[in-house]
Amino acid sequence: MKLRIEKSPAPVWFRPLIPLLAILFTILITSVLVILVGANPFHAFYYFLIDPLSSRVSFIEVLVKSTPLLLTGAAVTFAFVGGFWNIGAEGQMLMGATAATAIGIHMHAAPPWVAIPLMLAGGFAAGMAWVLIPALMRVKLHIDEVVTTLLLNAVALLIVSAILNGPWRDPVSQWPQSPEIAASAIFPKLIPRTRLHLGFLIALAVILIVWFILTRTPFGLKMKAVGLGPQAARFAGINVDRTLLISALVSGGIAGLAGVNEVAGIHYHLIDAIAGGQGYTGIIVATLGGLNAWGVTLAAFFIGLIDTGSQTVSRALGVPIYLGDVIQATLLLTTLAFLLFQRYRIRIR
Amino acid sequence: MEQAVWLTFLVGVLAATLRVATPLVWASIGEVYTERSGVLNLGIEGIMFLGAFVGFAAAAKASQAGLPGYLWIGLGAAVLAGVIMALLMGLLSVTLGVNQHVSGLGITLLSIALSMFGFRLVFGESKVLPSIEPFGQIAIFGNIPILGPVLNQYLLTYVAFLVLVPLAWWMLYRSSFGLSLRAVGENPEAADAAGVNVYRIRYLALIIGGAFMAIGGAFLSLAQLGAFSPGIIAGRGWVSIALVIFARWDPVRAMWGALLFGAVSALQLRLQTLGFQLPYEAFLALPYLITIFALAIAGRNAPYPGAYLKPYRRE
Amino acid sequence: APPASAPESDKAGEKTGVLNVFGAYATAIEEPWDGVIHSALNKAQDEGKITYTYTDDIGYSGDMERILREVAEKNKPDIIFGDAFGNEEAVRRVAKDYPEIAFVFGSGGGPAEPNFSVFDNWIHEPAYLSGMLAGAITKSNKIGVVGGMPVPEVNRIVNAFIAGAEEMNPDVVVLTSFINSWFDPAAAKEAALAQIDAGADVLFAERFGVIEAAAENGLCAFGNMSDQRELAPDYVVSGPVWHMEPTVNYIIDQVAKGAYTAQDLKDFSMMGKGGASLAPINKDVKCAEITDELIQKVKEREEQIKNGTFRVDINEAQPPASTK
Amino acid sequence: MTESISPPAVEMRGIVKRFGPVIANNHVDFTLEQGEIHALLGENGAGKTTLMRILYGLYHPDAGEIRIKGQPVVIHSPKDAIAHGIGMVTQHFALAAPLTVAENVVLGYTDGFRLDLPAASQKVLDAARRFGIEVDPNARVKDLSVGQRQRVEILKALYRQADVLILDEPTAVLTPQEVEQLFEGLRRMQSQGLSVVFISHKLHEVMAITDRVTVLRQGEVIGTVRTQETTPAELARMMVGRPTFGVSKPDTSPRDDVLLRLEKVAALDSRGLPAVKDVTLHVRAGEILGLAGVSGNGQRELAQVLEGVRRCTGGYIVANGHDITNAGPRKVMAAGVGRIPEDRHESVVLDLTVAQNMALEHLDAYTRGGVLDKKRMRAHAEQLIEAYQIKARPDDPIRTLSGGNMQKVILARVLERNPSVIIVAQPTRGLDVGATEYVHQKLVEQRERGAAILLISEDLDEILTLSDRVAVMYEGEIMGIVPPDVDLETLGLLMSGVRIANEPENTEAA
């Protein structure tokens, strides 16, 4: 048997079905594992995909879960469109969270309308600062940013850990976690008795802005030109270095906002697990979302849903929590592969 | 007396350096192979994890069944697991041409999830970590004064430094497979036109790479620890990615990079014992910073494989 | 694997007989701290006192609060056990919103009215006894300790161990390394090997990975949290063990009676109430000779601790890298 | 006939190949006799490359049959093709740049697992000698010139004992001297029994080297003729379906005002070596100044300096009264300079649409209140597509356009702004007769309008028919400036670095 991939766009009516097919396929192949641990696959997938949407509380939790992914997804999208392969959203997010904490713990005297914008600005700046070195290395020395940004994630984590084990170690519990930020710096809740907070609106606003820049402004077109053909872009009079630098910095900044979001909306203090892989998930969100703002929005909700669902499954059916992780990873890979059908057809001969 | 203390210290550092470097040598040479063919395999962290788990689980089961060569059975199972993941990576990134960052990260997620799931499945909820009698160290040099402890190493360490590194170098630069591999990574169109099967070479590279990565992971569970735990890889895959770049895609330089990393880690732990209060984070960040620094020096000449990250499609 | 409960069974656990208990763990239950709680609850379930479900490896990135809220809303358990460290604020926030549920969490902080009780692994007493054994059997007068992170929970165990060693052997030097991780056995092993190179001939394995280093070098080691003898039957001498059964049984009792109040459950994790013990001393180790005289001495101390005539100091300061 | 005794080297019968709706080859029959040089002719997109890629196993035909030396064969991949003695030199070279010549040559054709490089080098050297090809087997391909790389490609095929050699537009990137060398090599190979398929758009080359010609049009064979029994005019008619006429330049003379002035301009190449040395040129309104020279003598770098994408390390440039020395593309364009670069892919973003590419150089004109005016971009593109007869829609990614249409897009984008200075390099490389004629026509129109045009080309015919004056460049220097009716011998001397007596600027004054 031989697989051949041919370029041939899928008919328009078929495209929305592709993610559904991916889900079906995933259910099919992971059912084996579900049965292996003695659970009913139908129940399992009910909890995975439907249950989180079936109650108001858990639906809101899906939104909460999606919030940082909207931001990291937007961050990665912005960079990738501009031709900057930012794998470092994780580290930029950590730096954003660190800056937000540094500001937040000193805001006891400040009203929220001072504290919150300050934290957002600080987080954005810190994310930008963390991507600055890889961006400059790319622009000035032509050094591939995939690796530099990836490596700086580890460095960011070590810096956070050093701060948390050093000056910011919680004075009471002695655990590596920072003091809590001031009450005025905490994002207000959008709905009482839920965790949905201001960060969700901020994330939607960021998505909207990213969409607008990418599709409606000359700078967006310049970014695409630089991303798709830097040489030709330069020939056309576009300042490639500047465009690349701005894409990278804005991307880092948005990732930084994701960090602010976690500190001010969820934890209220800094811990080293605050990014928890969500920067990497942002890459997945951006790619699944096809590097456009609406796709990213959908992908973030989707990942938020299966993330929530995976814990629900384990609890409801008493199966190891890792079953959810397995299904989630399988779904990711399957979707990734199935998305190809939008543009290609696979011929088996 | 002073002298003796420092000698023990030095010998200890050297021995630990080799130990710590071993899994990195395996994994980074695996990654050299895949990257030389033009595929960045970010699944490395997961494949090492899976190798560590499958190797351990198979060895533990074989040991329970009373099989004599249970450790080798474990190692074989780990290699098989690594190869399967490599095939999956190949299906995604070579055959289907999916974005390599995402498929690699996906492979890592899947491998870790499968390992943890498998661990529960195989060992249940154990209170004490299950363990096995691991590979012992080769003690034939144990009697040599001073250097004895340095040379007392695991078989897989010996294989890594004395067989794997030279063999990998030879394969890459002195075999026709290596030539095809380099050509495929540089210019798949050219290789294809010359009659080299690009897909086959990339799959082979991924398979070899996956096997080595899995052995790197299995070294930790089968030799160094004799146990498996969720924190077993702890970022060693990412370090290996850094080493590959630092080594400019050369197996011998990758070995030196791994040794450097090993030395830094060994030193950090020993200085702590001697009472030096150094922030350990600074030490751990060192290999990453050195790599970035080395890249900055190498600058625009960093010899990335020409087809790095690019899927190949004939039509 | 536990049997799959049908989706409808969520409403089970009316306060009639069997209590409905939920476990919420930040780490995998293979990690010993949570493992101890988990096994105590499992035992209670086996004895028919409770029905027990749990979620583990929840992590520290914001999922704990969601899971607790969902569980509180949907499953409506009578009691939730878990570890709060690293999720402290989130757990306390949820507890406040569900006063009808008993929240019993491992925590470094105090209890909170009306429903938030705290416990911790107060195993410094058996750690002291382990230290006595270690101090007595070291020949090089150097003992190594490898710990996870220098938090109070760990510090007080290590400090008690050191104190015990020093009681038996005033000349002893105790080296302490932290690997700054809860779960990196390879790093723990390397740290232990570093201590062996520095002359240590007895090791205290606060974390996994250390016993392997000791066994490989034919040296004695002490486990932690559970009896770890089976890891290396020839080399593991003993070690402090934590039991959650007293805590669990007490809470179940209180809740069933309707008498539950928020409190610090510290005492239930100490030797006096059977919440802590010294693992059976392994006389058959190949690394040292454990004399009856020594065992006798340790047993005496144990008795004194239990009847309150000897108090092991609680010192939560970070132990020095080397005591001398 | 002698050849009828031995079966043909290659026979392709009824070959069909579809790409979606496009039929690239429609029941094509093609026969290559042993020992002949056979030309494939046709407009862009006629299906020449497709047919040969099928023969070389790069594409799989939807229908049809292939016979090699009379035996029916199925060719799945280049490996099969090589096994049947077929070698192909593609339009875009298939070489791995960081590897050495020897490594590239033996790639995929090594015996055994062990790679004996010294022995391989020796064998490569032997093969090279046999066919009179000069290469250093240990040189890295990335250090070789285009001509040398092509020789490596040919060597690769010969090393594999090819007796059928396919050359897809081999002369498109060669200098006249290199073309001559190539032809010599081909004749030698022919004498040793090789059969050659030769694809070219240049009719005089076809007339000079081939024995037979097969003409394709829109995927179908129009006919096969003996070269000796045909004329360029007839071939052109077969290709295009109508008679063609060359472009003639109206007999107007340039005006006096110098619109483009280069004074002692110097620049480095990508490796940092001096490539352009003290070049002084003046181009006047209504004039086409041709810049001739063997490739690699600094023309490319000079063009890039003028286009604003390469640093000028000495001297200055004035265009239209503006100093544009190191001004960058934007200011260069603002000074009224239009640029048509050598490499089409250098000036369009392949994955953007036609409309986007047409607007890319002047985005400000399509911005309203900070927002992109997509309607205007589209309207503008539709208008240009109409005016320049481009076969494309505004929203097509430009990648999907043929070379000729892509060139028209670039031409439209530049010319619609009526630039007073035009820098144009290799404008018809790879274009067919019809498209070439179109481009030449447009350039002549611009000259009529009063633009100052610097035409850089390695195609001497092009230079000589279009230019008012011809400057010759050699190793970064201007050797002399001569009228277009100069004798070819003088031109040849200049191109090989022999300076003629009179000072260049003397001709300028005339």
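Just so it is clear, A, B, C and D label the chains in written order, and each chain counts residues from 1 on its own.
Just so it is clear, contacts are C-beta pairs under 8 Å (C-beta built on N, C-alpha and C of every residue); 3 or more make two chains touch, one makes a residue touch a chain.
On a predicted model such as this, the values are computed, not experimentally measured, just so you know.
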Pair joined by the larger number of C-beta contacts - A-D, A-B: A-B
Where chain A and chain D are represented by their mean Cα positions, the distance between them in whole Å: 46
Length of the line joining the C-alpha centres of chain C and chain D, rounded to whole Å: 76
Whole-Å gap separating chain A and chain B, where each centre is the average of the chain's CA atoms: 28
Approximate Å spacing (C-alpha centroids) for the pair chain B, chain C: 34
In chain D, residues with contacts to at least two other chains: none
Interface hub residues of chain B, defined as touching at least two other chains: 116, 281, 315
Two or more partner chains touched - positions in chain C: 57, 180
Touching chain combinations (by label order): A-B, A-C, A-D, B-C, B-D
Parts of chain C lying in touch with chain A, wherever the complex brings them together: 1-7, 10, 53, 55-63, 65-67, 69-71, 73-75, 85-86, 88-90, 97, 107-109, 149-152, 155, 180, 316
Sites on chain A touched by chain B in the complex: 3, 5-7, 33, 36-37, 85, 87, 133, 137, 141-144, 146-148, 150-155, 158-159, 161-162, 165-166, 280, 283-284, 287-288, 320, 322-323, 325-326, 328-330, 332-333, 336-337, 340
Touch list for chain A against partner chain C, complex: 37-40, 43, 46-47, 55, 57-58, 61, 64-65, 161, 165, 172-177, 180, 193, 195, 262, 266-269, 271, 273-278, 308, 311-312, 314-322
In the complex, chain B residues that touch chain A: 40, 88, 91-92, 95-99, 101-103, 105-107, 109-110, 112-114, 116-117, 120-121, 235, 238-239, 241-242, 245, 279, 281-282, 284-285, 288-289, 291-292, 295-296, 298-300, 302, 304, 308-309, 313, 315
Residues of chain C touching chain B in the complex: 28-32, 35, 38-39, 42, 57, 144, 175, 177-178, 180-187, 189-191, 193-195, 197-199, 208-209, 212, 216, 226-228, 230-231, 320-322
